[in-house]
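Each of the next two complexes has chain A plus one more chain, namely chain B in the first and chain C in the second.
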Partner chain A sequence: MSDLSSTMAASASGMAAQAARLRLVSENIANADTPGFQRKTVAFEAVHAMFDNAGSVRTGRVELSDAELPEVFDPGHPLADENGYYQGSNVELMVEIADAREAQRSYEANLKMFDQSRQMNASILELLRR
Partner chain B sequence: MIQNMTIFQMASGLASHATDRQALTAQNIANADTPGYKARDIVPFEQSYEASGSIAMQGTRAGHFGVARGGVGGEVFTVSPFGIESPNGNSVSLEAEMIRSAEIRQQHDLAVGIYQKSLTILRTSMGRK
Partner chain C sequence: METNPHIASQLYTNAQNIARPDGAPNRGDSLFAEMANDFMATMQAGESAAIAGMTGKADAQTVVEALAASEIAIQTAVSVRDRVVEAYQEILRMPV
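Right, the complex of A and B next:
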């Protein structure tokens, strides 16, 4: 029986996943200038049909981006090698902003579905209140 | 007694069809960014009603009423992508899902409205208000 509360649970799982993604985006942006920082990403996976909460989404393992770290020339930097270079972070602000926008858009869509399920539930309960 | 009247059967069948469809739409939206996920939907209410072929309401599947159903009722199928698929193989389009959810809302409101009106008529016929 697919009732509206499990529908709301699916929407809530979507919101939780997008929130986790948004948190990683903000961590990445906060560390955009940290030497040697590797961008963090998380993959989403659908919950398999054998579980109770089938059809909802969950986040997988957090992974580090293996993109090459840029060499930054700054001889005065404490971490600089003998040639005056140190490794920066591979965070690209533009990519992070785009990711954050997508997460926000999906979060709002989930919220909308949650609200609609709630209202449908309320209209059914309204039948009892007469 | 109420279940035996066609209008109530039809209205509650429509409402539960809308609920099942809402469940799938919510799952589609929750998985809007999941790699490889394909958007799903169930057959329209008219189709399953036509398929029942009689005045007796069949709901989204034979034996729908009075039987506890596992998962989502009705025939589930993968919808063809609205526009193009994402590079990661995901075919969910938030816009298409929004349209679908508006339809579901309408369908559900209609079902509840009919149910409520029919109850009022029944009450009136019994001389109560």
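Right, the complex of A and C next:
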């Protein structure tokens, strides 16, 4: 595989990783009000050099945040204990929005790299054509 | 990526015809056959990725990557073919 097509493969893997991250963010936001929901996070890892697509990124295992679940006071809630409290989710919307924005920026950066390698490839082929 | 599917399929057919490794094997043929096989593999990967994308089995960036790779392969094959045909015509025009 040539360098330019490896560039495109690496950029595509970066975009796939950011898409996976954005999916988790959306799952977190969707469950922001679910009682007992733990925020999901994922770690990125580089693909080892022994594999074919070395230098790309892939997502690791999805992990649950072990931040403390907040106690919400709502005596009318079906899950409330005798004191009227139930455990909410540890999703913080501000954090999720920041994470989503970061995923968007990284996706754009990978897209730019993808486009650039495509253009470089096209322009070198243009030389052969005339 | 704005590729007219009609033109793309036409180019693909052209490239397929020129890249088909049959006939008597001679010098330089194996290298060319290898290149053609590589090209065919790229095209098939692009096709299967496009099909997977259409049926919702693959995500967008996989489809785009495979299609960009096959686009580059087509451009390379077409450029090389044009040069080969040009050289052939040059030989035909040679006064004997």
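A few comments on the model shown:
Following the convention adopted for this analysis, the second predicted complex is superposed on the first by the 128 of 130 C-alpha atoms of A that agree within 3 Å, B and C clash if a C-alpha of one lies under 4 Å from a C-alpha of the other, contacts with A are read in each partner's own complex, and residues count from 1 in each chain.
Simple rule for what comes next: contacts are C-beta pairs under 8 Å (C-beta built on N, C-alpha and C of every residue); 3 or more make two chains touch, one makes a residue touch a chain.
This structure is a prediction, so every number in the text was calculated from the model and none was measured.
Annotation for the three-chain superposition on chain A: chain B and chain C fit side by side. When chain A is checked against chain B and against chain C, the one touching more of its residues turns out to be B. Computed from Cα centres after superposition, the angle at chain A between chain B and chain C reads 50 degrees (steps of 10). Shared-chain residue A:57: touches chain B; no touch with chain C.
In the superposition on chain A, A:44 makes contact with chain B only, not with chain C. Contacts of A:93 after superposition: neither chain B nor chain C is touched. Look at A:5: by the touch rule set out above, it reaches chain C but stays clear of chain B.
When the shared chain is aligned, chain C comes close enough to touch A:118, but chain B does not.
In the superposed model, A:67 lies in contact with neither chain B nor chain C.
Judged by the touch definition given at the top, the superposed model places A:128 against chain C, while chain B stays out of reach. With chain A used as the common frame, the shortest Cα distance separating chain B from chain C works out to 12 Å.
Comparing the two complexes, residues 8, 114 of chain A contact chain B in one case and chain C in the other.
Put simply, chain A touches chain B in their complex at residues 1-4, 6-8, 10-11, 13-14, 17-18, 21, 43-46, 49, 54-57, 102-103, 105-106, 109-110, 112-114, 116-117, 119-120, 123-124, 126-127, 130. On the side of chain A, the complex with chain C involves touching residues 5, 8-9, 12, 15-16, 19, 114, 118, 121-122, 125, 128-129. By the touch criterion stated above, chain C contacts chain A in their complex at residues 59, 61-62, 64-65, 68-69, 72, 75-76, 79-80, 82-83.
Contact residues of chain B toward chain A in the complex are 15, 18-20, 22-27, 29-35, 37, 68-73, 94, 97-98, 101, 104-105, 108-109, 112, 115-116, 119.
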